[in-house]
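In the two complexes below, chain A is the common chain; its partner is chain B in one and chain C in the other.
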Partner chain A sequence: MEIGQFIIYGIINGSIYALVAVGLALIMGIMGIFYLAHGCMAMIGAYISFWLFQDAGLDPFLSIPLSMGILFIIGLAMYKGLFSSMKAFSPGQKIRNSMLVSFGLVLIIENMAVLIWTANERRVSTDYSGLTFDLAGLRVPYIGVVTVILAILVVFGLHYFLKKTFFGRSIWAISQDYQCARLMGINVDRTMLIAFGIGMSLTAIAGAIISQYSVSPSIGLDWVNKSLIIVVLAGVGSIGGVFYAGLLLGVLESVSAYFVGVHYTGVVSLVILLLILVFRPQGIFAKGAGI
Partner chain B sequence: MLSIKHIDVFYGDLQALWDVSLDIEDGKITSLIGSNGAGKSTLQLAVTGIVKPRSGSIHAGSIRLDNQPAHKIVDLGISMVPEGRRLFPEMTVLDNLEMGAFSRKARKKLGETIEWVYEIFPRLKERANQRAGALSGGEQQMLAIGRALMSRPKFLLVDELSLGLAPLVVRHICRILEEVNRLKGITIFVVEQNVRMALEFADHGYIMENGRIVGRGPSRDLLNSEEVKAAYLGTH
Partner chain C sequence: MPLKLKKTIAPGLVTAFLFCLPLFLSGDYYLTMVCSLFLYVTISQSWNLLGGYTGQINVGQSAFFGTGALVARLLWTGGLPFIPALLCGAFSSVLLSLVIGIPALRLRGHYFAIGTLAVAWIAFLLAENLFPGVTFLPGKYVATYSLLPRYYLYLVIMLSTILVVFLVVHSRMGLAMEAIREDEEAAQASGVNMTKYKVIAFVISSFFVGLAGGAFAYFHVSYYWYLPFILMWCFEPILITFIGGAGTLWGPIIGSFCYVALKEVFALTLGEVNVLIFGAVFIFIILFFPKGIIGVPEKLQEHLSKKAKSRQSARQKV
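On to the complex of A and B.
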């Protein structure tokens, strides 16, 4: 039964992965911005939740709307200041430029976080953290259940938003043909700005959950690393696939921790990334390109 | 009337259009002919607001267009079929059509307009749920025109209508555009390299060379003029 317990934790971890990665799937997969600072935004989200919990006694799940708003605004400023000038670049040029700019952002945000919150690890512990219930002999934490539900809601919510609403589809149209999207009457500047803000605000949800495990200024790159693997695993441009890819990665890591030891889980995810890039570069869960 | 007055357009330091003036009469079909690289597409892109003229003006009726962003110009009733179709290849035919009706005004009449476009191009209805990238060349051009009509334009600009299409398909599409023009009163402005086709199709013609307008007149006169015959039609 012990393996079952590992799978449960794998599913929960995988759901957090999916929650972090879904914003990146939008920003990188659809908008074509290689955004290395994505994990740092989740870190900021986690600190906001931590702050609101510590100073205002606000439950981390209840702080989500507020931190989403804050990250949305940070995202707008970031896009305006750093990325909007890349909007008409060719895809390759856009990736190179945004990678450099966002790597600079990682350094800035990490150092700012050390200044503001110190390098110590922080954690939100509520009355219910650590509480579990019994499911067929396995321990399931309550937070884990909420995490899985949130991941499903957010990933598939975003998927349908992009597929079914005019606004969502215009984001998709811009990613396929920037100039032609303008001919359709789409206000491309405003749309990209808001889309970036949405991608940023989604990291607040992941952040609220991360804050209940552990947050420190250096977690940004770890999270973006996982997110990149998931976006590639799901297939660049796929949103719904992010959920499955997150679960797959979470469970594989957790099962490998059971079989080969917890120190090798990072290796497992990178080996998966390599195998995917060699054998199925379009991703596992993408039928073709596109949502 | 769509009137373009004395516009100069630059790409960086490179001047693409020189003092171009052109009138497109309401309810008529106007064509702009000229060789590859003459600046014909640039002129249409200037009307749609994708490129901005450095000097001169563009008006639709009494509304000035050249100082407005591209997405506002679509709202004002100007729609373009870009060169090479430029469909959204990963979207279905239906999604592409719906993107054409993005502007708020057009969105309200979405259902009605789609029915109309399906009536004009029944083939699109059959292929509604296929990916646009999987269509044949002729079907793609039909979809590109259908998508442009979805915004309920007063002026329809078509860039390189016949490019890469079989003559039979071109004739079919021209007939449909004539119908759209006659029945719905939509003004059509076509840019074409195929001079004979363009002049036979249009009421009025303009000739462009190296970014300048070098000839104009009723299409029939242009078709019969010795210069046009010598330069473009290869007959004397």
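On to the complex of A and C.
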């Protein structure tokens, strides 16, 4: 029975992972920007939710639209200032430059967060924070259920948005051939700009949930680590696979916590990442080759 | 390669100067700073061989640095004389690079970067959990502790790194590495054994990083076991190499100099926000001077000649 409880928490954690990673799947997998500051953006989102809760008494779930808007604008400014000059680069050069620039961003954002919010660990605790209900003898927190539903909605919503709408398909077209997409009459600059903004604003949803567990300025690299694992597991370029990859990682981690102890769960997930990279670099949930 | 006497004069003088430097420097503060400068030159120059010349962005330096430090420290405090312990550390880091490198170097683009980052992360988590706490030097070592042998150890390691990278780069091997960086398919099509040269670059690079790790273990009286494994050791060499100019011999040297100087100045004047400003400076360099500081004169020249040209054409129009 105890292992069942671990699996429940694994599914909930996995949904949070998927929520954080889905923005990176768009930015890295499709737009080809190696964005190390992704976890830091989730951290900012979490702090915005925390702020709104503490000062305005706004429920973290209700603060999502507002923090999404703020992160969208930050994303636009970031893309305009830092990444727009890279759009015509070759993929290799783009990866290298964007990795370096976003690492600089990590340094800046982390230290700014320490200055603004101090290095202490914070947490939002609402009236319903610790509430659970009973499911066949297992405890299920209410927040967890909301998380799973949100993850499904966001991941598959983005998936269909990219597959079915004109805007979504033009993002794909640009990622495949920048020059050709421009000749087909796509406004390349505006499309990439908004796509980046969308990727950023999605981290706000994850941030609102992270704020209910624990947030501190140094969590950025941890979250980008998890997101990278999930993007690779799902297959670079796959969006729908992010949800399954997140669940898989979450469950594997919590089950391995049961068997090898909490300290080594990070090692387990990273070893899985290495195995996937060596034996199936196109990911397990992608049909075609990643790149 | 015939040694040209003229060209060896300047490096020879600089080397001689560095060997005599402790005579002029008073105080441990400056000596320690110069030591950390040497350390940064070593790790960034060895990163440069793989990242700058061969084009493989290795984000896992800390795993090799840490392995070198861990093995050297364990053997040395265990009673082995220091030099064999140092070499054992370097060779175990080479061993690690062979175990990891051969599968990892098949990966391309961001897969290689993610893979090596994962290796560094695993190494850090393992070190943190398997070796909790702080390592102290035994009392008899502390009693004879002096900064001078440490200084010379760092110096010798740095000079040999620069020399080896120089020799490799100016050989056929170096040409093959640069060909791989420019275009993997084209290099392979013209008969360059890609895996071989990538692995050679990886092995040389991790050997010297391992040595640097051993020197780190020799330098410090006490530190947390996981300290040489922290991810900063992955990112610092990359930052330094790109600040100076990747794929050039002088780049990492200039980069380390600027890095240590900037860090010192910012830390003294700006206090807590120094890393923040540093990140901004770094982004500025990457965006506007993609060839690093070493490319600044070239870029200025280009800019000036462009200006002159536009002035000329304007005059012609008139």
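Keep this in mind: the second predicted complex is superposed on the first by the 288 of 291 C-alpha atoms of A that agree within 3 Å, B and C clash if a C-alpha of one lies under 4 Å from a C-alpha of the other, contacts with A are read in each partner's own complex, and residues count from 1 in each chain.
Convention: contacts are C-beta pairs under 8 Å (C-beta built on N, C-alpha and C of every residue); 3 or more make two chains touch, one makes a residue touch a chain.
Computed from a predicted model, the values in this text were never measured in an experiment.
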- Looking at chain A, which partner touches more of its residues: chain C or chain B? C
- Message: I'd like to know which partner A:L135 touches here: chain B for first, chain C for second, both or neither.
- Response: neither
- Task: Using the touch definition from the top, say if A:W172 reaches chain B (first), chain C (second), both or neither.
- Result: first
- Could you tell me if A:I3 is touching chain B, chain C, both of them or neither one (first, second, both, neither)? neither
- Item | Which of chain B and chain C A:L228 touches, first, second, both or neither | second
- Task: Classify the contacts of A:S85 with the two partner chains as first (chain B alone), second (chain C alone), both, or neither.
- Result: second
- Task: Report for A:L183: first if it touches chain B alone, second if chain C alone, otherwise both or neither.
- Result: first
- Once the two structures are fitted together, what part of chain A is touched by chain B and by chain C alike? none
- Message: For the complex, give me every residue of chain A touching chain C.
- Response: 28, 34, 82, 85, 91-92, 95-97, 99-101, 103-108, 110-112, 114-115, 221, 225, 228-229, 232, 236, 263-264, 266-267, 270-271, 273-274, 277-278, 281, 291
- What residues of chain B sit close enough to touch chain A in their complex? 48-50, 69-71, 74-75, 79-80, 82, 86-91, 95, 98-100, 102-103, 106-107, 131, 147, 151
- Item | chain B contact footprint on chain A (complex, rising order) | 166, 169-170, 172-173, 176-177, 179-188, 237, 288-290
- Contacts from chain C onto chain A in the complex sit at residues 55, 57, 103-104, 106-107, 109-111, 113-115, 117-119, 121-122, 125-126, 129, 231, 235, 238-239, 242, 272-273, 275-276, 278-280, 282-283, 286-287, 290
